[in-house]
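These are the structures, in structure tokens.
The following pair of complexes shares a single chain, subunit A, combined with subunit B in the former and subunit C in the latter.
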Partner chain A sequence: METDRPDGRTPNQLRPLAYSCSILHRAHGSASWAQGETKVLAAVYGPKAGTKKNENPEKASIEVIWKPKTGQIGKMEKEYEMILKRTLESICIRTIYPNTTTSVIVQVVHDDGALLPCAINAACAALVDAGIPLKHLAVAICCSVTDSGCIILDPTKDEEERSLQVGSEPMENGIMTSVTQGAMSVNDYLHCLERGRAACASLSEFVRKNIGTKSTSEPSKAG
Partner chain B sequence: MREIQLPLSQTQKVRLQKALEQLESLSTKVNSDASVIIADSIHVNHEDGVLKGHGTADLNGEVVATLCGVVERVNKLVYVRALRSRYKPEVGDIVIGRVVEVAQKRWRLEINYNQDAVLLLSSMNMPDGVQRRRTAVDELNMRCIFEENDVVCAEVRGFQHDGLHLQARSRKYGKLNRGQLLTVPPYLVKRQKQHFHHLEEFGIDLILGCNGFIWVGEHVEAKDDMIEDQVSQSDSQVLFPNKNCVSLEEQEKNYTILETRKYISRAANAVRVLSTLGFNITLEIIKGIIDLSLSMNLDIHDMLGSEFCVLVAEKEAERRSSMKKRR
Partner chain C sequence: METKSTSSFTNLVDQSVCPGDVVLDLSKMINQTIKLGGGLRQDCDAISVMKAGRLRFSKPHKYWVENSQKRYVPYAEDSVLGIVVDSRSDNFLVDIKGPTLAFLPVLAFEGGTRRNIPRFEIGTLIYVRVIKANPGMNPELSCTDASGKAAEFGALKDGYMFECTTGQSRMLLSSPTCPVLDALGKKLSFEIAVGLNGRVWVDAASPHTTIVVANAIMNSETLSGAQQRIMVEKLLQRIQ
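Moving on, here comes the complex of A and B:
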């Protein structure tokens, strides 16, 4: 059975993706990621000398600053910051730059559902743009379970009711971060994981194609 | 590199695209199979016992890239040359930094590295040129030599336990006055034998720092500066004990004539054009751009327009193709 979605998409269809990097001049790395109407701008500064409270003598530390579109930072934004910080810490090679701090500033341009996966994708693309060594390229996706029990991918704001956000490594197909909101059964959760993993594979191909295009064209201008 | 953000018209866009495609065809044949993305595996012969260098990591017995860039192989060393990373210091590099802090017996300089560089009081020549041991009076007078936000030229000495150390033991290093400081990505500045350039026909000095900081300033003779410093120092101590008072002689000394200031701005804009297009910054190319703008009777601010950038890209494509034919 299929459920009609308000924007005419099938349950497994993603919203159109838009990605660009190196758009901020003063940041060491920057990227913008949009899925449909949801858009996030990420900037990376560093590695730079850490402040006294953040310094770790053996590893680099990562600081995530979340800037909502309007209003003050609430509990939801604090949770997003923490989730994003742990996700980025798990993909960065932090032993190369001890005693340093890398700041990742995430600015929400518009929120139309699936905001946290969009922010994860933008932050990872900004880290690549800044030239920070990473173990993997992480991509994130959002699934939702409707009232009728159907699982849909990449929900909009209206469809976002009981959602699951999966961040996976495309190389090993593992899961680094999984966040659930609302209530769902175990079978629905496992189905969401399968759908999310399959969607992350196509997302990863999209990211690699775009980064690869820029990477190939760069040596001709610099060499 | 940053996408070229210029307000291009349709004709200029086509011309720029053609020039960049020509440049790409000249060099892509050598490099096209060597570019990697993060988590790509690099094919190596494991029996040879390869060394994994910068930008690579070992994952399940396989060599993978941790940066986006180009794979380079030097004998048994395999590393990834990243195009978008910060400056990586090497001993002997000439760098330009900005003083951020005056601490005890040292200055901290920002040189586009992940930590501040350290310039010790004992690692530099005193302004009066006398070779002697540093005393407590010299420590108290450190702000008379360099203060915060001064631009300093130095040489990388090495890594110590407390960070990166610089030294300024020659007359060509030291404080930089009367010019412009530019910041470009460090991968655009190649390591060469000579990083200090004197453009005699324009009367300006050009210092290409390996960390991407480039200084364009008025030419300073090294020996005369010492004598002048001594005279002005004794004069200021006797006649003007107040620091805020600037004498007429010092105003005349710090004045730069308009013609030289125009040449400084023109050279700085030439560097900015190269940085916008993502080209290598060398002395010959900078001179070529300055001569091109002078021959076209172009205003200094028009050098940053889109028409001139497209023209520079076309000239660079012609230059490289002619160099290739010459070989």
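Moving on, here comes the complex of A and C:
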């Protein structure tokens, strides 16, 4: 059964993507990622000398700072920071720069649904722009299950009710991160994974095509 | 078999690559020695990419990924521009835009002895050579070349220092001379030092000339060779 979506999209259709990198002057790497009205700006500083709290003598440590558009950082933002940190740690090669800390600052410009996948995509693009050694790229997608049991991709804020966010890597199509809200059946979950994996493949092609071209390349005043 | 392995890496050479791309499969190669440069790593039998950029190949068997970034990774035998941030009894601490501060021993100068330690104010700009850059250790610098002569190393006085990406500094140092420096050199007289860590120092008789040269170099990052010459000509016309 087809579900009518308010903006006229089909269930499998993503919102328009916009991506640019090297947009911040001071950051060592930066990227902006927008899906429809949702937009996230990510900046990467480092690797730089680790502080006493974050320093690890064998691996580089990654610090994620989440900046919401309005208000203070709450529990939801702390959870997003933790999820993002774990995801980025799994794709970075951390043994090359021991005793260092890499800071990733994620600024939410606008939130119209599917915020965490947008942040994951922006952070990965910023890491690539900063030249941090990575094992592979990671892309993220958001699926939603409607009341009538239909699965839609890339929901807007109005459509977000029971959502599933999948972060996967294009090489092995593995799942690095999966976050769910609400309740859904096992079959719905597996269908969401299938749809998410297919959408991540097209997202990965988009990222791969754009990653070589830099919009501007300005010198850094940091460090 | 060799033809197949040859064609496999030829497809990716001079192409843009992303982290995770496999550029070589060692299980298909027969007794070949390869040298891996920056941006590549070995994962069991696969050679994969760590940084986004352009894969390069140099005969007979050198591979590297050419990328441009703002952060510098110290390597031995690089010439870099450093800023003195502290002075200790045995070492100067120098910022070379790397993950950690670098050590410049007080004896690493031409004719350096215990009685003849040079004086560097905090903030001095010096042109140094990286002699050790091991992971987990602070890099070690020297103000002499391999034979112990000062050559072109030492403190840089006056002038103007600006920052660019590591890719651009490699372009400025490449041979033959990069078009923007060639075009500027025909009309203006200036002195320039380029560090591989993305710092460039320019000095000229008047600040006016220094600013023109610095702006021309900063604007040339995304331009091709012909575009660089055109940009320099327009810039020089505007100031005359």
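Here is the rule we use: the second predicted complex is superposed on the first by the 211 of 223 C-alpha atoms of A that agree within 3 Å, B and C clash if a C-alpha of one lies under 4 Å from a C-alpha of the other, contacts with A are read in each partner's own complex, and residues count from 1 in each chain.
Methods note: a residue touches a chain if its C-beta (ideal position, glycine included) is under 8 Å from a C-beta of that chain, and two chains touch if they have at least 3 such contacts.
Every value quoted in this text rests on a predicted model; they were computed, and no experiment measured them.
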Touched partner set for A:20, first subunit B, second subunit C, both or neither: first
Subunit B versus subunit C as contact partner of A:100, first or second or both or neither: both
Partner chain(s) touched by A:154 [first = subunit B, second = subunit C, both, neither]: neither
Subunit B versus subunit C as contact partner of A:208, first or second or both or neither: both
Subunit B versus subunit C as contact partner of A:134, first or second or both or neither: both
Which superposed partner A:112 touches (first subunit B, second subunit C, both, neither): neither
Subunit B and subunit C contact sites that coincide on subunit A, given as residue numbers: 28-29, 46-49, 93, 97, 99-100, 128-137, 170-171, 208, 211-212, 214, 216-217, 219-223
In the complex with subunit A, residue positions of subunit B that touch it: 1-3, 20, 23-24, 26-28, 30-32, 35-39, 55, 57, 59, 66-70, 82-86, 114-116, 187-188, 277-280
Interfacial residue positions of subunit A with respect to subunit B in the complex: 20, 22-23, 25, 28-29, 46-49, 93, 97, 99-100, 128-137, 170-171, 208, 211-212, 214-223
Subunit A residues touching subunit C - in the complex, by the definition given at the top: 28-29, 46-49, 57, 91, 93, 96-100, 128-137, 169-171, 207-208, 211-212, 214, 216-217, 219-223
Of all residues in subunit C, those that touch subunit A in their complex: 16, 18-20, 39, 41, 48, 50-54, 67-71, 73, 95, 97, 99-101, 135-136, 162-165, 167-168, 198, 218, 221-222
